[in-house]
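Every chain is named by a letter (A, B, C, D, E and F) in the order it is written, and numbering of its residues begins at 1.
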Amino acid sequence: MPFASRLLCLLDRVSAPSTVHAHCDIPCGVYDPEQARIEAESAYKIIEKYQASDDELFRQRCVIVKEERTELAKHHISVLWSDHFKPEHLEQFPNLHDVFWRALKQCSAVKRSVDSQEAQKLLDLIDEIDAMWQKTGGLETTRKNGRPSA
Amino acid sequence: MPFASRLLCLLDRVSAPSTVHAHCDIPCGVYDPEQARIEAESAYKIIEKYQASDDELFRQRCVIVKEERTELAKHHISVLWSDHFKPEHLEQFPNLHDVFWRALKQCSAVKRSVDSQEAQKLLDLIDEIDAMWQKTGGLETTRKNGRPSA
Amino acid sequence: MPFASRLLCLLDRVSAPSTVHAHCDIPCGVYDPEQARIEAESAYKIIEKYQASDDELFRQRCVIVKEERTELAKHHISVLWSDHFKPEHLEQFPNLHDVFWRALKQCSAVKRSVDSQEAQKLLDLIDEIDAMWQKTGGLETTRKNGRPSA
Amino acid sequence: MPFASRLLCLLDRVSAPSTVHAHCDIPCGVYDPEQARIEAESAYKIIEKYQASDDELFRQRCVIVKEERTELAKHHISVLWSDHFKPEHLEQFPNLHDVFWRALKQCSAVKRSVDSQEAQKLLDLIDEIDAMWQKTGGLETTRKNGRPSA
Amino acid sequence: MPFASRLLCLLDRVSAPSTVHAHCDIPCGVYDPEQARIEAESAYKIIEKYQASDDELFRQRCVIVKEERTELAKHHISVLWSDHFKPEHLEQFPNLHDVFWRALKQCSAVKRSVDSQEAQKLLDLIDEIDAMWQKTGGLETTRKNGRPSA
Amino acid sequence: MPFASRLLCLLDRVSAPSTVHAHCDIPCGVYDPEQARIEAESAYKIIEKYQASDDELFRQRCVIVKEERTELAKHHISVLWSDHFKPEHLEQFPNLHDVFWRALKQCSAVKRSVDSQEAQKLLDLIDEIDAMWQKTGGLETTRKNGRPSA
């Protein structure tokens, strides 16, 4: 983890109570686009493996599991939109609704497809969401201790 | 994202097929302790808010949601143990089973408790799991593009 | 069922293939705000009963079940937004995103509250969604036979 | 909405408290065969689309999603039988158990089949359930405000 | 395991193919009232512990978990009714529908109550279901190898 | 039920509070490998039927349902490991972790395969777990009344 992030984490720990309450009014306050990204990455790799295989059973299972993973990505994206982002963020990100709408529709596209470019588009949209989330101070509200160095 | 990680990602993309297959034999290969940590952080903050409140309704909701979040942490930890780690890792981490067993039992402890120290113990155990996961090359198998800079 | 609706249903059946495909490109095409409304009505009545009771056990169960029902309403609303409504509808309903955002946020408000006015606000927002859905031809895509007369 | 229904809705609003409590003893009282019908209609349209397509991937997804939708129909039908209908209704509808049993078994038939006639049989059985539900005053216990005119 | 059961198991193994196919036409054929009973026993013990405790947090968690366990019992009972039992069994057990209806309604009663007598009534009804299930040859279709001696 | 078991059950009922509390510290205490075995038997029979059929639709549904059933087996096995077994049992069963790890990995193998030998291996591992569970007094903590004689 780079120095700047460590510093943010340290500051986070010192000033946690007030910062956290500023970002959430429901019993959690922990939102992280990683949840959506991990499911979307899973869909991406499942498509890669589907394309690399000619085992009929394996390919059927890929379609089943991709459906589930993408549904989870959809759920996590929807929660970020409705729960993390607040009306004041809309001024900061005038295309907020549009990015989220396209991201959710892209999840449907990934369900329908076995083209890894569709999964890549979803990952790109989640990256756009992540960038907005970071600008609202998202990183400070999660990763209490930062990922440990191995 | 620091340079070293970028390099790893680049290498990952170049050599994806063989690398990925070395780490997974089921249709996904994407495992990340972040999934468990996000749920455990959620439980941690719920407990903090529970302790800071004297609203009976709010506290009841904290107990309900903490139960769900901790159950999800438990699920993600179990999947890491059974699906990501392989017999060869057991030689590398002789205490592998013990750490995972204690982490799962700590999830139960967090369900039963409203003491933030119990949630912190769970976060610490997930950090131990994360360190082992990183040593098995976990970071290279996820975060295809790395988290974008805001 | 009134005559006009029967006629629409008949037309629907005759021209089903093209009409249906015009409204959906995923394997279903059946969307209906009733799904969200039934869950929201359930939340409304649970709150009424919570307020009318002083049985501690009963009230705890109300909080638990309201949490579940409202989560389901949230899910159904999110699906309508991302799956039923298409870019062309945005011109027709410039406040489309705003209504859905407020409806999802109102679900969170209902989770946090035992005030029936919060549940009524959610029902009103679902009615707004229903009106838009009807204007996009929603009624013709569901209720194949219409509700039978008792 | 026709005049008679509007009148019922109006009466419902005026006399809501006592009427509602007469129909339910658990924390909700809102039951509506629409929940089962929407899932069954979804299964019906999925089968139509399955038959109209020769895309192997699309057809596989149809089978997966039909399984889920029909399972939900089954759940909603079972809840209506066990929770909405009471022993006194059995005298009114001597074939109550038989209709529900056949409806649940028809859900299994729809899972096993890609014949739209099987889905139509399920819709017909849900219509029979709806008719009984209406005769027990079902319509008054839901649709608090009636579906809005678009 | 007593001798008679061992014998049945042995016979089961010898004649498995034909016997099994005689009892199921969907992709499983394995039904066992044990699934419902384990959840009902769980509800029974949760109520015992609720009554023995005066810890408010613990009691709240009992109510939450009892709700989940009883919902699972309800699901398993419903599946037995609709999937295992066939029209020909109705002649053998004229009260089949009534026993199942009462069992499902008793699940609702256990949700609403913290009286262990309500949970005992549910266990008794599941025993009645189990007896009917055994008479239809249920034991032969499950427990492929019989429970092992410790 | 044989005499010895009945006696154990009777003793269990007489001394329930202390006995039960010795085995569990969360709100349930009811664990039974039957839950995992029923799902694993289901997977076994699904594979048998898959092999016996050449109906493409039927075989696709087998793959879908087997995925679900095996996931449930995995869940039940994980719960037994983390919740029923305690550190003191580890001395009694030095291979405890290994058996559970192999059982969970075997669930993944059954998902990937349509070979009934893989399902049989899972059943054998569940039998090993059952034997350990019985030696920890598992039978006394469940089956309050014993399975009734038909």
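Simple rule for what comes next: a residue touches a chain if its C-beta (ideal position, glycine included) is under 8 Å from a C-beta of that chain, and two chains touch if they have at least 3 such contacts.
Predicted, not measured: the structure shown is a model, and the values here were computed from it.
Any chain bridging subunit B and subunit D, meaning touching each of them, is among A, C, E, F; the list is complete. Identification of common neighbours of subunit E and subunit F yields B, D.
Put simply, the chain farthest from subunit B by mean CA position is D. Subunit A and subunit C touch with mostly matching residues; of the residue numbers seen at this interface, over half occur in both copies. Compared with subunit A, the chain whose C-alpha mean position is the greatest distance off is E. Averaged Cα coordinates give subunit C a centre that lies 15 Å from the centre of subunit D. If you average the Cα atoms of subunit D and of subunit F, the two centres end up 36 Å apart.
In subunit F, the residues touching two or more other chains are 58, 60-61, 64-65, 111-112. Touching chain pairs in this entry, ordered by label, are A-B, A-C, A-D, A-F, B-C, B-E, B-F, C-D, C-E, D-E, D-F, E-F. The part of subunit F that touches subunit E in the complex is made up of residues 2, 16-17, 20, 27-30, 32, 34-35, 37-38, 41-42, 44-46, 48-50, 58, 61-62, 65, 69, 123, 127, 130-131, 134-135, 142-145, 147-150.
If you check the complex, the residues on subunit F that touch subunit A are 60, 63-64, 67, 111-112, 114. Within the complex formed with subunit D, the subunit E residues making contact are 26, 74-75, 78, 81-83, 97-98, 101, 104-105, 107-108, 111-112. Contacts from subunit B toward subunit C in the complex involve residues 57-58, 60-61, 64-65.
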